[in-house]
Amino acid sequence: MIEFVFLVVKAVLFLAVGVGMVPFLIYFERKFAGFFQTRVGPTYAGPGGVLQSFGDMAKLLSKEDLTPAWADGPIFRLAPYILFVPPFIAMTLIPFGPMGVDIFGYKVDMVIANFDAGLIMFLALSSIAVYGVVLGGWSSNNRWSLLGSLRSGAQMISYEIAMGLSLVGMIIMAGSLSLVDIVNQQAGNFWDWFWLPQLVGFTIFFVSAIAELNRGPFDLPEAEQELVAGYMTEYTGMRWGMYMMGEYVSMVVVSAIIATLYLGGWRAPLEVLGFIPGFIWLIGKVLAIIFLLMWIRWTVPRYRYNQLMDIGWKVFLPLALVNLVATAVIVSVI
Amino acid sequence: MGANGENIEIPGAVKTVFAKLEEEFGERLLDSSLFRGELTFVIAPGDYLDILTFCKESEDLKFDRLDCLMGNHFPEREDKPFQVLVHLVSQPNNTRLRLKVLLAEGEKLPTLSGLWRSADWDERETWEMYGIEFDGHPDLRRLLTVSDLEGFPLRKDFPLEGTVGGRVRTNLKGKI
Amino acid sequence: MAASTHDNPDVSIEKPRPTLEELKERKRKSRQPVGGCRETITVSMGPQHPSTHGVFRAELDLDGEIIVNARPEIGNLHRGVEKLAEYRTYHQFIPVTDRLDYISSFAMNHAYCEAVEKLMGVEVPPRARYIRTLAHELTRIANHLLWLGVHVMDLGAQTFFLITFRDREYILDLFEMLCGARLTHSYARIGGVSKDLPEDFDRRCREVVDFMPKRLVEYENLIKSNRIFLKRTVGVGIFTSEDCATWRITGPSLRAAGVERDLRKDEPYAAYDEVDFEVAVEYNADVYDRFLVRMKEVRESCSIVRQCLDKMPEGEYLARDAAHVLPLKKNVMSDAASMVQDFVHVFHGPRIPEGEVYRAVEVPKGEMGVYISSDGGPKPQRLHLATPTFYHCQAVPPLFEGETLADSVGIFGSVDVVLGDSDR
Amino acid sequence: MGLKKIIEKATFVDIIKGLSVTGKYFVSSKVTVEYPKEKLVVRPRYRGMHALLSNPETGEINCDGCQLCATICPSECIDIQTSEGTDGRKQVDYFNLDLGRCVFCGFCEEVCPRAAIIMTPVYELATYDKDDFALTKEKLLANQDNAHKELRGR
């Protein structure tokens, strides 16, 4: 019974952190975008403009919810949820502290769901989110949206294989698919984490993760200058807001996964700093990765969709295979 | 510089162009003039395509670019109120040439879009503004004005106020 | 090159000069074949599309993302400028030219005034010629900065737009000092310019043209060797010199195709034959080379501005030509003849010989031709503006065919269009 | 592709170079002017809203009603009506400037033989009411307080 209570508490806390982070992430995105462009970003709503996203959200909620006349109604309405929900499920997989922590005399695992196949679960969930984009674009009955969703499909098949393969090297080293075990394998200082031995895999995964998030330089499905707003062209009000929020929630999740797989998860970068609770380190790492993602987005131009496919198939896939073979050989020799 | 008066001597390049065209067409060039260093020939509608083809393809002239083509309207000239002007540029020789064709109402000219592709829109504009038709033009539609406009706006007799073709034109001074 | 000290040495990309045949071959290879019977979808790009630079509209037939056919449409911004000109005196038409290419409105003023001066035979005093050269080059810098930002934003880098906008602001500030307006300058007058250089302009202007090349190095660090930028631009949108001639593509796009044609050199006006500068030429005729040409031109412009400031002669900034030019205000106040001149010019207009002239000027976007036909009256009998963007928009089908939708945006941006210019 | 290029590509030199530029901007001082809170001072020649000048001692309007500005105006936005005054001199009864039509070219200021109409640095012209665009003689006279102290004619 008490385990269930803790589970509910953990889940609620996670949901609150996940959803609660989104307005601030949007705020940071806008603020940082301003800073990168020598502007000041939003300043009016609240101190330093911190309430800007809440104002935007109130505006989105009060806007008319339009469904285009020839759109495929049910799918059109469903599609944002397909994008919005999977990241929350994936969030349950992320360990944010050691197992069996003593809280009020009870042993509590600092993870919501300790799946043995957590990594596969994450990959599966991240693939589902693509349907949100594809169906949303297709059901809008708008040609720009259709092109956006087609691009999204083309993008997915080109990076997902390389992304999956790049993880295999890391899995060989960790010897497990469970995220909890993977973090446990990375005990020690920051040079003991997997990013160093798996530098190639880490790079491929990081770049693929940007593509997964539809962020610059891989924001092809919503490329504003080319496709108006891509798959989101016909969406209004909060449905559009759901796409927007879904994007930021997946940003948190993917960053957390990157931190967990390659950057030691909740572990401190130096063992002497271990007295600081794990979830603080995790949030710190997540924020650092998100900052890097924003930095990249506001710096580089966008790839063309066939160039992304070229990168996926002609560069990343061979590299990931070489990485996999090399890791396998080295691990079996040592 | 601003003043290119008649006192400036005629540049050699212009002389060459003049001599070459005189030699080739002679009598068919109805009139020629030189104002501010700009060479102008008046030609007949029948010779229009011949002379322009020669200008483009001649090795000496090499007028490889049509700088602009436009119409003009002189309502006071009874017999041939319309006029089409063609400005040619030779990029290799750095010379310019202006050719003028006088036209009567309803008289047609052959299209130049086979020689220079850029003539396409110029001719469309000339047609929509003056009603001068170009034979063989691939797509003679209105370009700048609305498609249901009636009349040819740059003709001198086009009314500035009133209703033409369902479109109301009023003098808005003091009303907005 | 005069300003080559600010060139960024480590990002130069060595490229051999291709011949015309090689370029044609490259162009053929870089594009997908568009012939044959295929199923296409038609999308309407514009007039409210984010990257059509105004109200340009193109109907695109797409096979997947390959553009099979493009049908451009302009005219959404048509204001009947040529008709307006026939009902305004020569002087009154100057503010209308501002509204043609509103990004570089001084260049438009200048082109028009050069044509009118040629028609009237007005001698422009040397100081006015230098001020015009200076202002024209400042306009060119501002225009190219805006182009650069918009072009790179079309390719997806949004930061760039704001950075170039920030630097363009310094030029606008200079124009505000110069003539009191930031965008629609109306600065050139028939026979000179409307106002003399203000005090402190020299220092401020030197500051701007001195730091501009440093900013260019920053831009180049951002994108010039960026792999994504290179992938999106090198070998994309090849338009050979032959194509340029037949479609009347002029300006930087023509020079990127290896044609060394620049009216500032070929038909010098203002003080361009007295300053020292090089014509920026590149040879690969693709989007990347158009970018390189413009970067070079900005550097050259900075150098020209500096030379103009150094050589700035003393004297009048408006011709003393009672028959054609409005008098100076200080003379109107003090001199009866000037006051009569003022009244005559306003109520009757200048005295014009009968005749017709065509004057082409190298404005930032290409070659702008102004044709004026006069019947001796105070108003033009006919005025035609052969604006560069008109022809750039016309060349959309050959530029787009066989390219992808994603690249079409970049290619359309790379030839530099502004719809006020094309629709007139 | 040479080895150098491969190394450059693998180490993301080009991207890092770009990131360093934006990174520098991130920490550098910002150029934004937060408009309603702080306002830039416009240059002395700025062509903003018009003003009619009057003689500071007598309060008499400088304008003669010579119609030069109304004639030169390319957008025909000035309307002047004059009549014979009680002292037998020309007097300006009505001077109306339609700001909604004005293109701020400054020609009126340029041709005025008496420096009566000038342009001031007032640029905040947005309004909810179109009637505010009709500048009457009174409004134009009142606006002369905003004019630059030193009038810079051409």
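Should a chain be cited, it is by its letter among A, B, C and D, assigned in written order, with residues numbered from 1 in that chain.
Just so we're on the same page, contacts are C-beta pairs under 8 Å (C-beta built on N, C-alpha and C of every residue); 3 or more make two chains touch, one makes a residue touch a chain.
Small disclaimer: the values here were computed from a predicted structure and weren't measured.
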item: Path length in the contact graph (chain B to chain C, fewest steps); value: 1
item: Chain whose mean Cα position lies farthest from chain C; value: A
item: Pair sharing more residue contacts (C-beta pairs) when A-D is set against C-D; value: C-D
item: Centroid distance [mean C-alpha coordinates] between chain D and chain A, Å; value: 50
item: Where chain A and chain B are represented by their mean Cα positions, the distance between them in whole Å; value: 62
item: Whole-Å separation of chain centres (CA-atom averages), chain C against chain D; value: 25
item: Computed distance of Cα centres, chain C from chain A, in Å; value: 45
item: Contacts with two or more other chains, residues of chain A listed in rising order; value: 36-39, 298-300
item: Numbers and ranges of chain D residues touching at least 2 other chains; value: 15, 18, 21-22, 25, 31
item: Residues of chain C whose C-beta touches two or more other chains; value: 159, 163, 166, 222-223, 226
item: Complex contacts: residues of chain A adjacent to chain C; value: 33, 36-39, 143-144, 146-147, 150-151, 216-217, 219-220, 223-228, 298-307
item: Of chain D, residues touching chain A in the complex; value: 15, 18-19, 21-23, 25-32, 34
item: In the complex with chain A, residue positions of chain C that touch it; value: 41-43, 49-51, 62, 64-65, 152-159, 162-163, 166, 222-223, 226, 228-229, 231-232, 404-407, 409
item: Chain C-facing residues of chain B, complex; value: 1-5, 35-36, 38, 40, 64-68, 70, 72-73, 85, 87, 89, 91, 94, 96, 98, 116-118, 120-121, 129, 142-146, 153-154, 156, 158, 160
item: Chain C - residues contacting chain B, complex; value: 74-75, 78, 80, 82-83, 86-87, 114, 117-119, 121-124, 129, 191, 245-248, 259, 261, 266-270, 319, 355-358, 360, 367, 369, 371, 373, 381-382, 384, 386, 390-391, 394-395, 398, 423-424
